[in-house]
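Heads up, the next two complexes both have subunit A, just with different partners, subunit B and then subunit C.
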Partner chain A sequence: MSNLVFMPVLWPLLTGIILVFFSKQPRIQRILSTISFLIGIWISGVLIYSVHNLGVMTLEVGSWSAPFGIVIVADMLAVLLVLTTNLIVTAILFYSFRSIGKERESFYYYPMLQFLIVGVNGAFLTGDIFNLFVFFEVMLMASYVLLVLGGTRPQLRESLKYIIVNVLSSAFFVIAVAFLYSAAGTLNMAQLSQRIAEAGQPGIFSVIAVCLLIVFGLKGAIFPLFFWLPGSYYVPPIPVIALFGALLTKVGIYAIFRTYTVIFYHDQGFTHQLLMGLSILTIIAGVIGALAYWDVKKIILYNIVIAVGVITYGISLMNEAAIGGAIFYIIHDMLIKAALFLLIGMMIKASGTADLRKMGGLIQQNPYLAWTYFIAAISLAGIPPFSGFTGKLLILQGAVEADSYIGFAVILLSSLMVLYSVFKIFMYGFWGKPSETLLQVKEKDWALFIPAAALTGLSVIYGVGTEAVYPYISQAVDTLLDPQIYIDAVLKE
Partner chain B sequence: MEIVMAAVIGILFMCATYLMLSKSILRIIIGTSLLSHGAHLLILTMGGLKGGSVPLLGEGANSYADPLPQALILTAIVISFGVTSFLLVLAYRTYQELGTDDMEQLKGNDTHE
Partner chain C sequence: MRKNDLILQTVTKVAVFIILLFSVSIFFGGHYSPGGGFVGGLMTSAAIVLLLLAYDIKTVAGILPFDYKIVLAVGLFIAAGTVASSIFFDLPLMTHAYRYFDLPLLGHTSLHSAVLFDLGVYLVVVGVTMTIIQTIGDDDE
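And now, the complex of A and B:
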């Protein structure tokens, strides 16, 4: 029964391996992938239910007791993110059926999707810092392949840059692990936390914390390290962009969550102030990008950067309201970013261009798409009944409690700018006279619309049902703010 | 011994950084390999270079070298092998398709191919 904790990793791994044998039969791959992800949702639902009732669940791999073997830890934050990941990837899978094309389908697109999920779920669930590195690499290898699959010229050009940046950050990760091992003598997160607490986090641990911030900042695109994102995420097909935009950066943020709340929390004056400064600059940089472009994909890509800044700002405040807000916001942001990318993918398909100045009048052709986009856009900005509101409200409340008024103002203004940037898409893309490039398609593409609308609907439910979701979030906050719960669960003392 | 290793690793990192900032793709890939060599040597050094037998129980020695860093390095080596081979093939494909190995010419956006 306790093997259930590892199922979100094992299940897609098994499916991925089986799918490799059917690489030339897209129909079998589609059916198997669908079944696999639906079971994945079910498994993560059961996992949330058990973690809610039993507290933090752990699995000692190979029955070696905790600090010596690898331990898989399912606390509430991890399982919530695992469920969100599975929901998003299922929607993207249905969207890919229609849009990814025969060529890519028969060259291991679906197995790579599974392996990407292995890496993402593994990174969420692991309790060992070197194991985290390995799952990062699993995720990154799959993402390299998904990025370059198809082999068009822009894809080749940008994948080269993406891979070089990630090789650099992986080397940095290995270096940070080496220092950490030398300074603390262990790689198990719970024992690390314990030993650093005993030593009272002397300077060397703060240096390692910053080293890890550079690593996770490169994966998660925070301020001086986000330069690779707008170029690399621009080139792959829409389902892959949605997958990357929703999941990959968020894994980096989750790792910051983990390291900065469970392991390095003793010298907050240094590490957390640094994180706070960088987050505010991240928001500003993202806003500048989101306002500057007339390209729909670029606008949403820079909105990823803004959201990353908002979440890391919530982490840096380290009080109950802000951490709760950050968790609320990260789940909302994963859902809504995936939905937005799928929706603009349909816009680009219908208009034949990604340039807003050449679009127009889409609302006459496809009103459903237009109003779904409208709801997604106001959810992103955080208009009250929808899902972006509660997270930002809690983060702002946390900012007031911590007397951090610059961040408070920046977040409020950034919401306004986010609203402006997504409404620019709405007003220029959907309103106005139908442009010449608008394709005269009669039937509406339900196979693309339904997954996108389902994700938007989920985020609406998530926003309206805040009361129902909050007990789970507050359980996640408890574990993050009191590392002793985590340590006791892992080391069983 | 650790001091010497630290200095050597520092030089490796320096060379890697220098090579990764150059224009040619191949030089950058050589830079990434030097970087991973440096990182792997760093794990070994940070695990401690005290004397001791090889970590094989059959040796029956009084003290052994730390086995954990060696396992970490082995994992890191195969991962960087995988990534490097992918990167080399990608560089080859890029050279075939775009006809250049100069990073300066690989910028630009999609409007002018």
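And now, the complex of A and C:
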């Protein structure tokens, strides 16, 4: 029964391996992937249900007891993110059927999709910091392949940069883990938390905390370390961008969540202030990028950076409202970023260009697309009935409670700028006179539209059904703000 | 241009078997002495690479008619299957089991399910190394 906790990792792994045998038969790959991801959603649903009823669930892999073996820990935050991941990847899978192309399909696109999910789900669920590193690498290896698959010239150039950045940050991760092991003598997160609490977080642990912040900041794209993102995420095909934009950076943020709430929370005056400063700068940098470009992909890419800043700002405040808001916001942002990328992918396909100044009049050709984009856009900005609202509201409330008025103002203003940037796309892309390239394309592509609309619909349901989601979120917040729950569940004391 | 590499080919014919035997010995000794699936797999691929050096890709493909990508996948499948099989015994994943058997030739021997996992690792390592080398080697044709 407790094996259920590891199923979101094992299941896509087995599927991915089996898909390798069928690499030249795209039909079989499609069918198997669909079945596998649907079962994945079901598994993570069951997992949420059990965690909600039974509390934090753990699995001691290989029957070795807690600090000695690897522990897989499913607390509420992890399982919520696992469910979100599975929902998003299912939608992206359906979108890929039509848009990824025969050539990529027969060169291990679907197995890599599965292996990417192995890495992402594993990183969410693990309770051991070196195991976290391993799952990071699983995820990154798969993402290297997905990024370069197809082998066009810009893809080769950008994947070189992406690989160099990530190899460096992985090396830094190993160094930080080595420091941590020599200072604390353990790699199990629960025991680490206990030992650092006993020692009262002396200086060396704050140094390691900052090392880890640099590592996860490179993966999650916070302020001085986001430079690789706009280039690398620009080049792969749309489903891959959606996958990266929705999942990969969020794994970095999740790792910051874990380390800064469960392990290093004793010297908040230093580490959390640093995180706060960087988050605010991240938001500002993202806003500048989102306003500067006329390229639809670039605008949404810089919106990822803004969202990363908003979420890490919520983490840095460390009070109930802000952490709750950050969790609300991270789930919302995963859903809505995936939806937005799929929608602008359709825009680019219909108008044959990513440049806003050459677009126009798409609403006459495809009104469904236009109004779905409209809903996604106002969700992103945080207009009340939709999903971005609750998260930001709670983060703002947390900012007031912590007397952090600069952050408060920056977040409010950034919402306005986000709204401006996505409405620039709406006004120039959908309104106006139809452009010349547009008139040639007349077909509506339901196979692309339905997954994108489904994700938007999910985020609307998530926004309207805030009351229904809240008990789950507050359970996640309880675990994060009181690491003792986590420690007791893992070490069984 | 046809070189006369009779010496290389003759030495290879002898050496390959010694290297293969050594790799198998390292593979099975992994539990009690240094070695195991990873280094055993590397050494097996080293033997195949020696064959590739002495002969050409086509000849070696004739001797060992494997698609190494499939070898890789089979290895992964064996490893992941070993991990998953403990579900059927209602134990946490990756729980291994061992027992002593009295085998006809080898006598009182312990058989451990971790060997299956190691076999998976072995096949993956052989598969990955040979895929890389053959892909790069094939390129310039």
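A few comments on the model shown:
Everything below uses one rule, namely that the second predicted complex is superposed on the first by the 490 of 493 C-alpha atoms of A that agree within 3 Å, B and C clash if a C-alpha of one lies under 4 Å from a C-alpha of the other, contacts with A are read in each partner's own complex, and residues count from 1 in each chain.
What we mean here is this: contacts are C-beta pairs under 8 Å (C-beta built on N, C-alpha and C of every residue); 3 or more make two chains touch, one makes a residue touch a chain.
If you're wondering where the values come from, they're calculated on a predicted model, not measured in any experiment.
Aligning the shared subunit A places subunit B and subunit C next to each other free of steric conflict. In the superposition on chain A, A:175 makes contact with subunit B only, while subunit C stays out of contact range.
In the superposed model, A:274 lies in contact with neither subunit B nor subunit C. In the superposition on chain A, contact of A:3 is made with subunit C only, not with subunit B.
Once the two complexes are laid over each other on the shared chain, residue contacts for A:130 go to subunit B alone; subunit C is not touched. Once chain A of one complex is fitted onto chain A of the other, the partner contacts of A:14 are limited to subunit C, with no touch recorded for subunit B. Note on subunit A: of its two partners subunit C and subunit B, the one contacting more of its residues is B. Here the apex is the CA centre of subunit A, and the angle it makes with the centres of subunit B and subunit C after alignment on chain A is 40°, in steps of 10. In the superposition on chain A, A:63 makes contact with subunit C only, while subunit B stays out of contact range. Between subunit B and subunit C in the chain A overlay, the least Cα distance found is 8 Å. Against subunit A, in their complex, subunit C makes its touches with residues 69-70, 72-73, 76-77, 80, 83-84, 86-87, 90-96. For subunit B in complex with subunit A, the touching residues are 20, 25, 28, 32, 35-36, 38-40, 42-43, 45-48, 68-69, 72, 75-76, 79-80, 82-84, 86-87, 90-91, 93-94, 97-98, 106, 110, 113. Remark: subunit A residues 130, 134, 137, 141, 144, 148, 151, 153-154, 156-157, 159-161, 163-164, 167-168, 170-171, 174-175, 177-179, 181-182, 187, 234-235 touch subunit B in the complex. On the subunit A side of its complex with subunit C, the touching residues are 1-3, 6, 10, 13-14, 17-18, 20-21, 23, 59-63.
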